[in-house]
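Here's a structure for you.
We call the chains A, B and C, going by the order they appear; numbering starts again at 1 in every chain.
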Amino acid sequence: MDLFLQRLFDALTNGSTYALIAVAMVLIFKATTLINFAQGEQAMLGAFIVLQLWKWGIPMWGAVVIGMIFSGILAACLERTFIRKFDPADHLPLVIITLGLFLVINAVAAIIWRFDPLSFPQLFPSGKAVTIGNARLSWYSIFAFGSCLLVLFILQTLLTKTKIGLAFRAVSSNLESSRLCGIKIGQTLQFGWALAAAAGTLGASIYAANPVLQIEPTIMLRALIFSITAAALGGLDSLWGALLGGLTIGFVQSVVVQYIPFIPNEMTLAAAVVVLLIVLTFRPSGFLGTKTVEMV
Amino acid sequence: MTNTLLEVDELTATYGQIEVLHGIKFHVQPNEIVVILGANGAGKTTTLRAISGMVGTTGSIAFNGDSIIDLEPDYIVRKGIAHVPQGRGTFPELTVEENLRVGAFIRSDNEIKADLDSCYETYPVLYERRMQSAGSLSGGEQQMLAVSRALMSKPELLLLDEPSLGLAPQIVEGLFERFKKMNQELGTTMLIVEQNAQIALAMADRGYVLESGEIAVEGEANLLVNDDAIRKAYLGG
Amino acid sequence: MAPKITLTKDTPQYRNLRALMWISIVLFFLLVAFAYVDVGSIAIGSNKYNLSLIRLNKAIAYSVAILGLQVVVGYTGQIALGQSFFFGMGAYISAWLVADHSWPFLLTLLIVIPGCFLIGMILGLPALRIRGLYLALLTLGLAALFPTIVKLDSLYEYTGGAGGKLTTNKVTGSQYKFAPPSWLPLDEIAQALQNIPLVGGYFGDGPLSNREESRMWKFILFSLVAALCFWLISNLIKSKPGRAMRAVRDNETSAAVSGVNLAMTKTISFGIASALGGIGGMIYVAEVGIASPDDFSSLVAIYLIVGLVVGGVGTLSGAVIGGLVYALIPDWASSTQSISFVPQRWLQGPTGSLILGLLLIILTLFMPGGISTAAKKVKNRFVTIQMQNKSGIV
């Protein structure tokens, strides 16, 4: 029982990160039915910007906020320059462009900051908060998960109670009618990309703030596959599904690590891909997605 | 001609290599209800889409004297033209009230709430279902929603694409009755594209018949109703 | 207007022209081979760019793999991005057969081709239900799994785990020898080329050493294998199955309505693409001498796609260009130690992947047909060649 609880607690930590990146992917998917392969790298770049700002003396959380805003602006520019030009129904060029962005952003971060691991500011208080028997839940995990919930609530409010949020949901729902109602599609999409990038940056920052981890340009590479699987599992167009999916993948990870006697690191990746395969083949709408998530 | 609300001339539209409209000409006066009849594929929907900016065309389209032919849809809405597309075009995942609010997107004044209320008065069923998702409404209710949404932008010209499509006759009757009322009370000019010639001509002022991308017949609605050719083709003898 | 030349097929004039074209290509080939059999390099500024048969052999390997991508992505329109999986499969299978069972490299193709074809068909089954970017996603995920599979403890004796599988023969302890047949007058050709006035210096000095002969022979062999693959695929495209593939790419519904068996066409196209990936892998491991897991990661899959796009999706010459791009650009990028106005700091790090990523983006935006289409357009400015049958039909 203790072991199981510990699994659960471990799942919270990673699961929250995957959930935040997954949320970013869901935002973009909702608006454009596109999967942004560069999302993880954008998030990583954002986290590095946060790190740099902090090194220049800006207080931790201020750096995070500025980093989020900056990555949002960058994402809006990326959307305008590269994504806007393509027909959303033609997947191939868009897939290729996001792959290109993946390579470029990764390379740029590596060129600027090199590959040496660096210490990321500790965003959350350290130490164990709760101890149940032998299972220990750290403050970090609680705050990571809490931040995740907070982000989701903020997004929910943003999307349901503001005009631009309404525009965003209208665009995801019916592109043509949105145009007929006077919604400026381009601006709305940029908004979506900016929000997604900000969520991603927060996710990567929280991930890097883990006391046992250090930040370097490859941190989000593995997280990408997990986040995409989490998003698919939750239903690519559901924000809460992304949270659920993220936690599930986190849980699968901590379970797989213990109970399958292969090289743990590698097998969690395999597990994620297998889950992805099953979801995409048999239940593309995931847990909470709408059935209209199209496969064709 | 200075009074004409909408003036269309030499309108030509192509989809890929196929020319769908061959230089048609028609106009709409303020406060009128004008109907465009025609069979499937005649080009009726394309005509409306050309006006609302959803499809590229050559020729001239003038609204209140200004050319709108190359403008983007979001700009044309702001000029005062609202388009209710074929198939209603509601936002299925949004609630009824949210649909209406999207309709008012271009506005930032204080009267949006008042207009919402008057819409609910006209269609009480929308008020009942205002918190339900639009996708759960029946066909007729969705049509009411779609029209109300278009009206929320306070347009001068309302474009309606086959409002009777897929609806039961009584519902269609009720719908068109209210259109007539709207036109009389609010003065909203309407350009309606329809296959159901009977009911359309009954409430319209003037009509055009579109055949294979060209205007075959035009005239006063009550005269068209009596026209032999129209009777045979569209009114069943 | 550019001058137009009309060529009528099956006339002696046409056949002569074609023969001339092929002969010049082969000649050019041989010249390159002899020039770079030794370590050749081009110096620009203070940077030295390596161009040797080692690089070219790798380019051949990549080209064949990218040819596979052309079949499945370019001609059948399926966004299957996991080519590194089969590249790796071919490499490991060959390495194992050569090292543990003393097979000659070329013979391993007998196992690699059907093996990869079969696995390719099986892994292609999800494609029957999934399309577009979901397929892209899934295939990239599968590609990401390859290093994991190969590092499994249970497969250690076959794959050598994380350290990789050497192609050194277990029994003899030596590398497989690529020895050219004695009747091939490589030395004589080298001498002759060296005696050409003015440019003789490019072709090295003295007779070819054993190592150089072996490298030359590898190059010739691999080129022949690749040429065979290209020839087969070019015939495939013109044939009925090839037309079926293109029909599927252009419009699946129309294709189905015209009687194309969608499932069959897609599955076979996956099989062929995977087989080509495997062949590429064999060439790669024959050149490099070791199959290690990280040489076949999903990053490699992405780089192969870069090659596909830069070369030109849906063209044969694009595969060749793509292979060269992949083999040369990252290497040359890291060889660039100094450019006059760029601070050195910016030249360190993964500049290769930066350039490849930029190429991917810029080409998709501005030259969607890749380099080969752009080159065709340039050629058309100077002369348009129109082919027609004897009866005058184009």
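Quick note on the criterion: a residue touches a chain if its C-beta (ideal position, glycine included) is under 8 Å from a C-beta of that chain, and two chains touch if they have at least 3 such contacts.
Only a predicted model underlies this, so the values are computations on that prediction, with no experimental measurement involved.
Fewest steps needed to get from subunit A to subunit B, stepping only to touching chains, is 1.
Of all chains present, the one whose mean CA position sits nearest the global mean of protein CA atoms is A.
Centroid analysis (C-alpha atoms only) places B farthest from subunit A. Centre-to-centre separation between subunit A and subunit B, using Cα means, comes to 43 Å. The distance from the centre of subunit A to the centre of subunit C, with each centre set as the mean of the Cα atoms, comes to 35 Å. With centres taken as mean Cα positions, subunit C sits 57 Å from subunit B. Per the touch definition, subunit C reaches subunit A in the complex via residues 73, 79, 81, 126, 129-134, 136-138, 140-142, 144-145, 147-149, 151-153, 302, 305-306, 309, 313, 346, 348-351, 353-354, 356-361, 364-365, 368. Across the complex, subunit B is touched by residues 163, 166-167, 169-170, 172-174, 176-185, 290 of subunit A.
Taken in their complex, subunit A has these residues touching subunit C: 34-35, 37, 82, 85, 91-97, 99-108, 110-111, 114-115, 225, 228-229, 232, 262-263, 266-267, 269-270, 272-273, 276-277, 280-281, 284, 295-296. Across the interface of their complex, subunit A is touched by residues 52, 54, 73-74, 77-78, 82-83, 85, 89-94, 98, 101-103, 105-106, 149, 153 of subunit B.
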